[in-house]
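One chain, chain A, links the two complexes that follow: it is found with chain B in the first and with chain C in the second.
After this line comes the complex of A and B, so read on.
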């Protein structure tokens, strides 16, 4: 889905390189013919002009066709993978029976350390199903007749699926006329519809956006009508669960210092600033930053407002003491880093609902925005050089 | 109920830059801008009262929204926003527009000085006035500010439209945010341009705000001129196609 900028730049430069080579070759070829012409000019009546060019045509890039993998080939690959997995387990001194994919990944990272930045270029060892793209077997028999009745639509799996779903809809509508009953709304929040890419993967077929939307509309219509458990299950095959975000929030455990005071520690960062905050459970609202009082460390009101934000949001303004250390970044980045650290530390003293409120107010997310790099050919990250007509 | 189900899309890893040449299934449009947040991140809501509401007070839709939000990723709150009672979105926007070269400290201090000066002037008037007039004098600088900007908002604007090789100024109804923007922009331009070299920004701005509050002054005049131009070019209204 996401096409990284790096690859774009890469292909551009490759094309440029190719063009360069072509022009060079053609020039060489021309010189060769000219030289041959000069040499044989005197004896042109006896000898014929010999044209020899070193590189005639541009190096033809073969058209990349989808490589077809036979079923036997895939089966062999799977066998080899399983044997290889057992060998790897033996090498690492682990039990081959309980060697999972995560263990494999760790073993490969250990045995073949790679300094490459692109994660997909590093050595991997995965099940062949994940490496070789899913392909369809030949869709027609020896006599040339296709097996599926919708083969000539071009998207047989998609249309057969739509056919099935629509059939179910008609059945339900027929039943509805006979027994009208009230329907309760199902809980749709914990799950989402398949996205287009997932559907394409499932059907092993390319779909257009309109096709996908039509399919989802049909399924939603099916959901609004009353259906039997079998049909519900059928519809739920096309739904994936969505994680509840608040559960992912890591809540720091409460620690106790020498005097027995309860506190919680956590870190936060923003741009290049890193902060660590210790929030004491009982206090009078004093905040110490790098040994100094916050009023002296942050003379600007906006920064102090940021420090106060998590406490004011939970109505706990004068109830906690905070000691924090911060380094790097500028004044606003340091304030943001401390705010994040304090909010995270506060999670340990606060109810789950309040943690969720803080998350929805944006207090528990690390701000991913960092300074954008300057690009060559431009003055800054976005600013271009002044355009000159000549 | 059907539409919200489509909103919950796949949660990609939060830190992957959301660079998209994808087509949004809802609108069929291609996006080209990118941001460090992925496409699925939602804006944070910083309103204490909203979260303190108990379950009984919520309507069906609000309950559904609340449940839905639990599954969504939320962006970090910006450094300019707090839950403080003193945080005013109009004032923040105006401060940002006044800011030059990223000097937020200076812009904010100018804003504070302006509000202080408005308050002082109003209090002077208050103490100098008699009993009945005192009731009519508004002393809260925030209400004066908001009301002044509202008075400066134009209702209709002009847009240059290209027809037959010529640009015609066509009268067009303005969106709310465009009106607010124009009001603030005119106010700031007025205070920067038409003043004596030695007068400071807070002084001039407080003077203009008070004038605008009473529907007088150069900014209101500019708004009326815009309305008159729109009225004069009424015949060209047919050039608008939206």
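After this line comes the complex of A and C, so read on.
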């Protein structure tokens, strides 16, 4: 059965088959009824394809509002997702019961490899709640009366939240006259206020920046006053914990190889070069790069100077042995990568003050500079084509 | 006055002008708490329904709003205090009794009569299950007014008024949105001392308005102006209390009348001929 095609241009083409009497012994049964109806001549006629176009008037479709997804639709999507998940698990030969979202992502990447640069354009299979945006059902009943008492403001959730918070503030201020004590704010460390997008997601409503700032100001005011545990909990609903990033340099632990020599390993990067260095605590200043001596691997003096720099800085020029592997990049990039790896590895054999000095000297920072891409309409990344006056 | 009153009421509360569907079939709706109202709340026949709606219109003061306040209580709540003579609006001059030390004093006799009309109208709208919207832009009383609206099961808008809220409601909310049937202004001016946009928009959308107008406000476009003080806390609290009492009373009355008719119709079906007139509600004297 030919499926009807979507009429985007408003024209539909029909194919009319002129059926004649086809004398095929096998198919006689099928065509007999048709042939009996048409009663053509004894000669078999050729099947002629008549292509007729019926032009229909183009209806102007008005710009539709945001697609509203009904609850039934979402439920059906969730069921289909669950069934599809089980099928996928069977396909991959895994247990359908313990098939997590990460497994789904990996399976999709395997089954539908995509070379697209935009990650969001690649095939995904996620739970419908993450794909379809959360929407509001109709806000009023059959008689037309809205459910929420702040419906006519437009932003009912936000304003009802403000109303609630203000109510709590008033309550506290009434109580404050009886107990004028203030508590210290120690619960604030390690957490941050909700950002505007998260609040919008929570309330399923669009907010403006001023609204958001007003809300945060109110909550902060609430925190400055003494509040009961219930109110504290309410405020903490709007805080998210943040992983405290320590700015301290990560010092590699010292390891021991089969002969009992102490060494430490670490990695370094520069442009596209990646290096891994093993610095032995006691040595005589020999550096081996990819199995070869550094003198042979880096014929240019500048590169060897780069390798020397961390030891020279700490006055430990002939005291350590280094074995490193490096790949990618050019000669200068490889030298820089090895330098960074060695400096990081040296941190484990050195005092904290010297680590700080190294950090200030820039030995422990990965150089973020990478090659800038060439842009169209220009000769290179920055260089423009020669400007011609006419 | 007595004949003028029903005419006024009928003029304002003509049913089915904007939404023919809603008032004819006051179907089972949901209360604000989210609990669906009992399905049997809809009267069985349109005859009973018509009687329910017409009965209050025959009396001048069906809900007995006169007893809720007096000139003395208005005076105690400082309703008579207006702004300085320099802020006086030209159209408020008829309502001003005089001025003392350059401060305008509002005539409480006129206030009382206007307030009685306004409360009566509010009660009738609430009785007919209309949507009432409390509007104010004074930040001092935002919380109080929102609480008042929530307590009587109606709606409030004491925040920034978006442009086409009333005039462009189908686009902002949805195609089948229902607009308020009455707007009560507790403060007619906004934060820059200009008339609130909702006054003009309500007039455009044929929505009757009740408004507390101070000596610096424009009472022109408001259907039922109530000259009074809108800046002192006792005054605003009094007005909130009055509106809340009146609305709850009217809703309670409606529930009673419907329950009575529901009880009566099976009785009539059984053959009872006695039709009792709905008794007056037992009003609790509260101020």
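In this section, the second predicted complex is superposed on the first by the 206 of 390 C-alpha atoms of A that agree within 3 Å, B and C clash if a C-alpha of one lies under 4 Å from a C-alpha of the other, contacts with A are read in each partner's own complex, and residues count from 1 in each chain.
Definition applied: contacts are C-beta pairs under 8 Å (C-beta built on N, C-alpha and C of every residue); 3 or more make two chains touch, one makes a residue touch a chain.
In this text, all values refer to a predicted model and were calculated from it rather than measured experimentally.
Asks: Give one of first, second, both or neither to describe whether A:250 is in contact with chain B, with chain C, with both, or with none.
Replies: neither
Asks: Could you look at A:140 and tell me whether it touches chain B, chain C, both or neither (first, second, both, neither)?
Replies: A:140 sits against chain C, while chain B stays out of touch.
Asks: Now for A:296: first (chain B), second (chain C), both, or neither, which partner does it touch?
Replies: neither
Asks: Between chain B and chain C, whom does A:154 touch in the aligned arrangement: first, second, both, or neither?
Replies: second
Asks: According to the stated criteria, A:365 is in contact with first (chain B), second (chain C), both, or neither; which is it?
Replies: After superposition on chain A, A:365 lies in contact with chain B alone.
Asks: May I ask you to name which of chain B and chain C touches more residues of chain A?
Replies: Residues of chain A touched, chain B against chain C: more for B.
Asks: With both complexes overlaid on chain A, does A:313 touch chain B (first), chain C (second), both or neither?
Replies: First partner only, chain B.
Asks: Could you pull out which chain C residues touch chain A in their complex?
Replies: 19, 22, 26-30, 32, 34, 129, 131, 133, 142-143, 146, 149-150, 153-157, 159, 162, 165, 172-174, 176-178, 180
Asks: In their complex, what parts of chain B are in touch with chain A?
Replies: These residues of chain B touch chain A: 1-2, 4-6, 8-12, 14-23, 25, 28, 36-37, 43-46, 48, 51, 64, 67-77, 79-80, 82-84, 87, 104-105, 108.
Asks: How about chain A: which of its residues touch chain C in the complex?
Replies: Residue list for chain A touching chain C: 138-155, 159, 163, 166-167, 170.
Asks: For the complex, which residues does chain A have touching chain B?
Replies: On the chain A side, the touching residues are 1-5, 185, 188-190, 192-193, 195-196, 198, 209, 212-213, 216, 220, 224, 240, 242-246, 300-302, 305-306, 308-309, 312-313, 315, 332, 335-336, 340, 356-357, 359-363, 365-370.
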